[in-house]
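Heads up: the structure comes next, in structure tokens.
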Amino acid sequence: MIVVMKRSASQQDIDSMIQHVESLGMKPVVLTGTERTVIAAIGDERVAGVSSLESGPGVDEVHPILAPYKLASRELQPESSVIRAGSLTVGNGHVGVMAGPCSVENEEQIVATAKAVKAAGASALRGGAFKPRTSPYSFQGLKEEGLKLLATARAETGLAVVTEVVATEDVDIVAEYADVLQIGARNMQNYRLLEAVGKTSRPVLLKRGPSATVDEWLLAAEYILDGGNPDVMLCERGIRTFEAHTRFTLPLASAPYVQQRTHLPVVMDPSHGTGHTALVPAMARASIAAGADGIIVEVHPSPDHAMSDGYQSLNFQQFEDMMTECRRIAAAMDRKLGSDA
Amino acid sequence: MIVVMKRSASQQDIDSMIQHVESLGMKPVVLTGTERTVIAAIGDERVAGVSSLESGPGVDEVHPILAPYKLASRELQPESSVIRAGSLTVGNGHVGVMAGPCSVENEEQIVATAKAVKAAGASALRGGAFKPRTSPYSFQGLKEEGLKLLATARAETGLAVVTEVVATEDVDIVAEYADVLQIGARNMQNYRLLEAVGKTSRPVLLKRGPSATVDEWLLAAEYILDGGNPDVMLCERGIRTFEAHTRFTLPLASAPYVQQRTHLPVVMDPSHGTGHTALVPAMARASIAAGADGIIVEVHPSPDHAMSDGYQSLNFQQFEDMMTECRRIAAAMDRKLGSDA
Amino acid sequence: MIVVMKRSASQQDIDSMIQHVESLGMKPVVLTGTERTVIAAIGDERVAGVSSLESGPGVDEVHPILAPYKLASRELQPESSVIRAGSLTVGNGHVGVMAGPCSVENEEQIVATAKAVKAAGASALRGGAFKPRTSPYSFQGLKEEGLKLLATARAETGLAVVTEVVATEDVDIVAEYADVLQIGARNMQNYRLLEAVGKTSRPVLLKRGPSATVDEWLLAAEYILDGGNPDVMLCERGIRTFEAHTRFTLPLASAPYVQQRTHLPVVMDPSHGTGHTALVPAMARASIAAGADGIIVEVHPSPDHAMSDGYQSLNFQQFEDMMTECRRIAAAMDRKLGSDA
Amino acid sequence: MIVVMKRSASQQDIDSMIQHVESLGMKPVVLTGTERTVIAAIGDERVAGVSSLESGPGVDEVHPILAPYKLASRELQPESSVIRAGSLTVGNGHVGVMAGPCSVENEEQIVATAKAVKAAGASALRGGAFKPRTSPYSFQGLKEEGLKLLATARAETGLAVVTEVVATEDVDIVAEYADVLQIGARNMQNYRLLEAVGKTSRPVLLKRGPSATVDEWLLAAEYILDGGNPDVMLCERGIRTFEAHTRFTLPLASAPYVQQRTHLPVVMDPSHGTGHTALVPAMARASIAAGADGIIVEVHPSPDHAMSDGYQSLNFQQFEDMMTECRRIAAAMDRKLGSDA
């Protein structure tokens, strides 16, 4: 922790800060510059109360030195984690491909989609049964019925099922049907829910909130890891910026950046990250070229009749074409795409 | 709903869109311009599936015309809502003042703070018992014990209690102790929680998520109103932008803008909205001058020893000084501040 | 300068950094923590090449300690600067009020506006003669003819004239007619232009670029100060964020924040900062309550027929009403508004 | 142009808007919905004054239909433009590669870099002679001496030279030495400069401003095209967002999006777009996979001793490795990289 004092700070302010640092169990080192005094606090800065140092008299700024997360840190675990769930492998040279509709609508829709995405090389089926929707007047998902239809689709195709859980009270039933539990962007900081999925044995796909910093995202993962579940995939789905021609801005550099900081795999979501069907294939290719460990893509038999997210869904042919392109990019990266052996 | 077709759209694309609009129960009007064809869809565009029009062949863009919320809309209820909860009045010429610590820490702290903020003119006591924290290693609040201490402080001062609820399973117990239920920014789109507080009879203070649009915020309010609870206050606490010298950016123009769109009162949070003690009084004054219906401010007996948010808390003297300044601004606005009669 | 080494940094990396710091004329102090080594570099970090320390082997992050600007810093000049230009005073308890149309359109328009804003209490007339326009097909201003009309309006009313200069080759002629030279947001980092106005004797109103950090803004002011012109006013006119219901987001906290850092006065522009007539008065009031030293507001005889910026302009009655409200807020702040004595 | 009236708009307001639309030479079509009246204005909405419709009585919102740019539009010119300048080809299956130092520092540095990047497959040399710098105390470039050194490097290697011009008065001399004129992000809306380069016969690389919308960027290109210069390359170098771990956020989706809207080629700048050496190769690969027509990359013999931008520059070995990876991605996209035939 580096505490920068104001130029106007008195010796009393400096002495007070020295004592405060010591009272937190850290060792203060005073650096007297020509214009400012800086107090370096050596020790574990992750203790409660450290952030309040900024309120001390004469303090200008406080800079933390250590990352606030531990279990997620690559410093703790240098080797990259690999996540496996049925047909899905993410990491270790495998680019996982999770594809399917935003919402499960009916058996015909989900089974047809599962077959189509499997044929094109996907390694998991995504589909929402419990849907968090911005408007209370929008379709809220088929709930348990949707989970059963996903299980049917898995039985028909062998594809692992990735589906969202939105509330602690649903964790058990979703974990019963699903292979991977998805935490949506809106719930990235729903800590009770993170604690609940941390107690299950299912891998978790943790989406980044649209205004979350990378530290906040990794701390959300830390809640799950700290709960005892080591199988967390991070999913970047775009941040909110002034750029209005896409629904969100997909900051692809977060793949290589986050991979430096954590051993957890990073999955990209070009569907939510762009919000437009026409932009999805380019961003899927780019994700793989940037080194992402997986992609998750919305696919629907007939996007312009979808009950949700049609504007960003691919139809079967578009998905197949995208996979053909992505396979070439994956090969150029010495990676295997989806179900490729 | 306005559907703008691409310049390259064929007559078949246009005919297809006309049929699609009709199938959704809306009346299409075709506007043929020199460069583009536009199809206006007249009728209630809040039906499921409308957004998927964008996926239709030949479509360039879709612009909605109607606001997506109804119950929150000022068009439905032209007169401004007033919220009352014990000592607290928000709206109708009263600028509500909710003040207190980020976290309830112990009886001495919360009672002393309640007395101090009451003496300075606050009309409600804020304080967190259930704390959502970014890091799993941070202090998570005293939970039910904290609620009891808040009730003690209310008994001593008569101040209404505002406190956060973070999970559906806690709604009953929090509603038992609190006068106002706060939904935090991280939970603004935790729809189960919104539904749960929508079923209580306690007024709700709904914080805006740091990346939520105004429409998303009002739709979150709509969940609560639609659940049967008419007493919702909107609380602006800052959005995430590139501006790094403040913790968040407090977009004060949201007060007058939102008041045009909705009858619900708007409360400003200059503490979270700036993240720095030194900036809080200026933004509290500015909030009142902008026409906000209330402010919520963090106050602690000793901010540099607070267990959370010390860097943005005022001490008692600072709060008293701020209230003196704010009282003059409120008078200049023909409003009453806090407990002023 | 604080250099945080990676956990994986070798002793050789650390030694290399120590030498590098010394070669830049700074004194290195090595702080060995439990997890990281930190090297504090004591001395003037504003030397060329310092930022490249980040490229050194084993370096994780570099944090500067000193503000990058000097002449603009309040540490150098503790007392606040006051700017005076004819009828205009900004600072020292005076809230300057600059009002007028976006563009000078003709004599009748500019003279009528000057009279109206003077009658309502403005202390300067704003109006654009050289207009930077986003589209090459938009009205580009009357140029020198516009300057002459501004001079006519000054002759009729006694109001000081504030007008924009967009190119070095125009500085002389604009300085001949204007009392204050405005640098627009698009030109905040047009350094040749900053150098050119730094050589004039006219006060400068320097608008913040919509994506400029405060440091970048103050460094732009530093170019003007360094050129020999001490009379710089900073003008906040809004930053670009995801908030789409306003044209820009006016981050009012920049007034008190910037006033802590610099002795230069801060002026707020609620017209560009909101982009909507209906929101301007509330944000003008809020600016004054936040402690801004001035406001600049667009006023037009008939906004819906304006050649530019009509959507954010006030008509005469709206401006007069706004001034009445602002006068009360200024009084509550113990300040004088515009031409009030 | 679609004008949405407020629910409270009177028949008089509607009649007034109809007349106003007609006075602008457009044909009004009135659409009466259940809740709102919408007036569609058919005709060329790019006329002066249209934006001021928003100020009309009873108006809620105005949505433009047509893109504000013409010459840059793919609707006007469906086939993609190809830019050629000496050794550099951008477009038509060629991914142009411009590489070199941020600043030209001396002959040895620039010639060595030119040789190294040529050997690795670059098709042009970049290097700054006139440097716009955030601080007046930073190195401002070698100016004409730098241009001469670039010409020397071109003579030695045959590489086309790309260099920035920052002021109208320098356009002639820069155009004398350079093969491509770069307009930097800070000058994207320096319209005089755009007009000046629009009158030269050199291709222009137009960087996007960090807060510019795509429309603003294409309108800046329109200034150059409208001036008579058809050879404009658009360069995306990142936007300013809350994401703080990268210097800017590189919104890669702008490549496919912009290519839909314009015939001009799009070049990506992963150096400024990330601000960190370690992230540049991943984003260069991703740019090519997303379909960009070129990349521009900072390369320096010894980044940690560079006079500017060292933290985001590659050394020779890093650039060679990056090119090897990029060549594989380009092949997977059926494109040729840099100087590959």
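Labels for the chains are A, B, C and D, by order of writing; each one numbers its residues from 1.
Throughout what follows, contacts are C-beta pairs under 8 Å (C-beta built on N, C-alpha and C of every residue); 3 or more make two chains touch, one makes a residue touch a chain.
Just so it is clear, the model here is predicted, and its values are computed rather than measured.
Interface repeat of B-C: among A-C, C-D or A-D, over half of the contact pairs recur, by residue number, only in A-D.
Interface comparison, A-B versus B-D: the higher number of contacting C-beta pairs is recorded for A-B. For this pair, chain A with chain B, the centres built from the Cα atoms lie 26 Å apart.
Chain centres here are Cα averages; for chain B and chain D they lie 38 Å apart. Of all residues in chain B, those that touch two or more other chains are 211, 239-242, 244, 276. If you check the complex, the residues on chain C that touch chain B are 211, 213-214, 239, 241-246, 249-257, 260, 273-274, 276, 278-279, 282-283, 285-291, 328-329, 331-333.
Those residues of chain C that touch chain D in the complex are listed here as 20, 46, 48-49, 51-57, 68-69, 132-139, 166-169, 186-187, 189-192, 209-211, 215-216, 219, 222-223, 226, 239-240, 276-277, 303-311, 313. Considering their complex, residues 2, 4, 7, 29, 31-36, 38, 40, 42-44, 63, 65-66, 75, 240-242, 244 of chain C touch chain A.
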